[in-house]
Amino acid sequence: MKKFINDVENVENEMLEGIVLAHPEYVTRLPGFDVLVRTDKKVGKVAIVSGGGSGHEPAHGGFVGKGMLDGAVPGAIFTSPTPDQVFEAIKAVDAGKGVLLVVKNYTGDIMNFEMAAELAEAEGIKVANVVTNDDVAVEDSLYTTGRRGVAGTILVHKIAGAKAETGASIEEVHATAEKVIANVRTMGVALKPCTVPAAGKPGFELSDEEMELGIGIHGEPGTERKPIQKADEIVNYLMDRILKDMKPVAGDEVAVMINGAGATPPMELYILNRRVQQILAEKGVKVFKTFVGDFMTSIDMAGASITLLKLDAELKELLLAEADTIAFKM
Amino acid sequence: MKKFINDVENVENEMLEGIVLAHPEYVTRLPGFDVLVRTDKKVGKVAIVSGGGSGHEPAHGGFVGKGMLDGAVPGAIFTSPTPDQVFEAIKAVDAGKGVLLVVKNYTGDIMNFEMAAELAEAEGIKVANVVTNDDVAVEDSLYTTGRRGVAGTILVHKIAGAKAETGASIEEVHATAEKVIANVRTMGVALKPCTVPAAGKPGFELSDEEMELGIGIHGEPGTERKPIQKADEIVNYLMDRILKDMKPVAGDEVAVMINGAGATPPMELYILNRRVQQILAEKGVKVFKTFVGDFMTSIDMAGASITLLKLDAELKELLLAEADTIAFKM
Amino acid sequence: MATKAEVLDFIRIYGDKMAEHRQELTDFDQAIGDGDHGINMNRGFKAVSEKLPTLGDKNIDDILKAVGMTLVSTVGGASGPLYGTAFMKAGTVLKGKEELSDQDVISAFEEGVGGIKFRGKAVQGEKTILDSMIPAIDAIKKSISEGNSMTVALEAGEKAAWEGVEYTKTIIATKGRASYLGERSIGHQDPGATSMAYLFQAAKEAAKKSGK
Amino acid sequence: MATKAEVLDFIRIYGDKMAEHRQELTDFDQAIGDGDHGINMNRGFKAVSEKLPTLGDKNIDDILKAVGMTLVSTVGGASGPLYGTAFMKAGTVLKGKEELSDQDVISAFEEGVGGIKFRGKAVQGEKTILDSMIPAIDAIKKSISEGNSMTVALEAGEKAAWEGVEYTKTIIATKGRASYLGERSIGHQDPGATSMAYLFQAAKEAAKKSGK
């Protein structure tokens, strides 16, 4: 394992220290907790809290700031944060208009955020929550826990955050977040696995000729392991799955996010994007806005995901609204 | 070689297509050339052009836009662009107030940009140039071509770009750029080499226990190959070299850039940053602003560099001035 | 009758088992989850064992609640809220007790499993903790109703728990991370069901030690 | 006298050599530079060979200038401006010529090396193109002044060029990428000096072929 770290037990904490030392103008750490909150707490608005395991940087602390999140709760690497941490975040960011929790659809995340919500409600704080589940690689059926929440979560942060910034009620912010979730779809692919520092070795093995299609953001298995293909063919496969689920029609408008998994250079992400845009153009689907970069990583995995979000007038306006965070500015 | 690419010969072109398709609101490609220019050409200001080999994304096309570059000329991977391409960029961005070329100190870059400048001057365009040379790993002596230009170049773009945006003359913009160059220092380290797509295999070999200190942005050799150490020890070494050269005193103010080489996740960059900030605090050097992320990559190298820029009142103001580009917003 | 000392002993024994089987549970989770169940449980019970010395003068209900809260705030993931809720709920039903009757023990288990069901929204047969816990409790209740001692009943409980663990190898996971695997989860034993079987093993050993 | 056909032949032969030695030059550059010198030169001369058919009715000066411009706009890196400038400068001094006297050939080489010195700001002994080019030109001038034919002079020139290449193994690079290596550049031959030695080899072969 080759990493810029000190001791494996201190990775999460030292990373948090590094973030706060780098960006004190954006984020402040709650003393004694693994919680980042906006340095310039905004009053008179619904607050938004998100989180999950660490290892997805810049998610979620990188999206704390004007127009996105008010608080981020990073757990241990790939492990959901505990309710007391989330509860502390909720208390810190609440400005009297309630707190929306944006949770990715994993059993652990859901239960821990739910317990935090119960604690907060017991203290009289209004809490609502949404569960993101954009990963089309996993079937959403009676026999699964449903689709995983992956990179599309960032667009929920962006749009719900913009809605909150308008002074909307928690019910309105909640409804907008649900609208994003209903319209956002993602699928990913990995070329090389990631290494959890404490594990010291990759979470799974891929030969030099293999890729894993439909990978999750913790390296969970996907739909297929295949011989590695050309970028365009990989995109064809992923887009096929996304479009089958999303069913956009000519004239629809979408936002596109090409997300890097941590060890994929921009060069490759742009080559993927090229084919994504070609396919959408062929289908007559209009691209309103494109984001390319590392938004929701899987530590040092070499891989990428494609996210499409179908837009209406409200989502378009909110997508372009001002955002000023460490890793997302608009 | 595991990469999201199609054919190795098309990497540069398909990447450029991908960039333009992603961000038409920021950059436009000159038809028939490998040149990106601002989509919203600003008149009444000095224009700034930079470039060099491809493989350093987001540099340089990612910094084209308000408050930074007016044009970027990406050559083949790790190969400086040819004079005709640079000349075309100069002609396209010139708004009558002259064009400043920001060139990294490599023989090839210097000669190709110089020839382009000669062509432009022959057409009556006012051209000035600066050569960035922030890499303290290479000795600056009579017996070398001087220090290499590396990640500090991005801060030259930012500050010279802000100066140009004020409507300053080309002489003024040039002087400000030179001031940044005189005050910016960088040193890098690699854990894993990069693979030029056309080569198909890594440019150098590092065993699982080794790192290369003082690495260049094309994987050029550095000062030492050593057994891999803890992040804090690596930072101690790099900072020692930088500070010895820069000699800041207590009370000085600096900007810090922790730059990722392409395959290094934010997690690790922030752990490096933590120690950088500790050292500066110990020395009484005040950190005015910190940037952490992939700014000047080396394709898919796992590595990082630390850049310090000593600031005065002018540089501080210009550093914070508005910038709106694909990869750098302020 | 179970004394407070026996309850504390049970918690200590279970904590030791989580340390001992840390790698085994993690390996089971590596196969069908994210490879951290043993790490998670061990982290939680290490925190519990640091807390135990401060709980000596508390009633049993407060002890169990404190264990649950500690698990909730140190384990994370899916098992933290599940085990944490189970201990907290068990505490709630034993309000003010310094000793437990057999019926109290059964009530505590039933409240615990109720907490897990409530929190995890799973039912038996989904390849979870419940698949060893529910049969174990049923076996204990049956044994006590047949007039056996709690030690004998816990022996029957542990046996049923391990049968439940075996059963998890034969079914598809439809809850938790293992559900992403679909068919591919068959053949593997569930880590959570396994850690729960060790809980009944610990309870049995604590009861045996007290010689009743 | 060198005819236009001989000049075109020289360019073709040199282009073939750059294709043939592509990997060798790249390997030399891998050792002390960035491993692309053969790729660069080959790319440039492939473009030149595509251009050549359109230059048949041009004068020699225009042919050389076109070669130089093609190199400049296709090679990039350090060698593009250097070789490109050399050909362009050589063209400039041969204005309007359809045939070249021995003196014309010498002038062309001298203008060429002047262009490289101007563009690269290097002097002899810095482990560059100049280290094979300058001794080669000196040898050619000496040979001609001794009354030899251009073919004989070019033979002497090539020999001197390869001696220059050998010499580059003994010195530290102080220009170009190899200069980052300092002492470590000793022992390796310079790729640019090598590609320049092939240029004199190509000139010699073209002269020999024409049988003069």
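All chains are identified by letter, namely A, B, C and D, in their written order; residue positions are counted from 1 within each chain.
The definition used in the following text is that contacts are C-beta pairs under 8 Å (C-beta built on N, C-alpha and C of every residue); 3 or more make two chains touch, one makes a residue touch a chain.
Predicted, not measured: the structure shown is a model, and the values here were computed from it.
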Excluding chain A, groups that stay connected where the other chains sit: B, D | C
Chain whose average C-alpha position is farthest from chain B's own: C
Whole-Å gap between the CA centroids of chain A and chain B: 29
Distance from the mean Cα position of chain C to that of chain B, given in whole angstrom: 56
Centroid spacing, where centroids are CA-atom means, of chain A and chain C in whole angstrom: 33
Inter-centroid spacing, chain D versus chain C (mean Cα positions, whole Å): 81
Touching two or more other chains - residues of chain C: none
For the chain A and chain C complex, residues of the former touching the latter: 53, 75-76, 78-85, 106-108, 111-112, 114-115, 138-139, 143-145, 148, 198-199, 203, 216, 218, 220-221
Residues of chain B touching chain A in the complex: 2-7, 11, 14-15, 17-19, 21-23, 54-55, 57-58, 62, 191-192, 208, 211, 228, 230-232, 234, 256, 258, 262-274, 277, 290-294, 297, 299-300, 302, 304, 327, 329
Chain A partner contacts - residues on chain C that touch it in the complex: 34-36, 39-40, 72-82, 85, 119-120, 172, 174-177, 179-182, 184
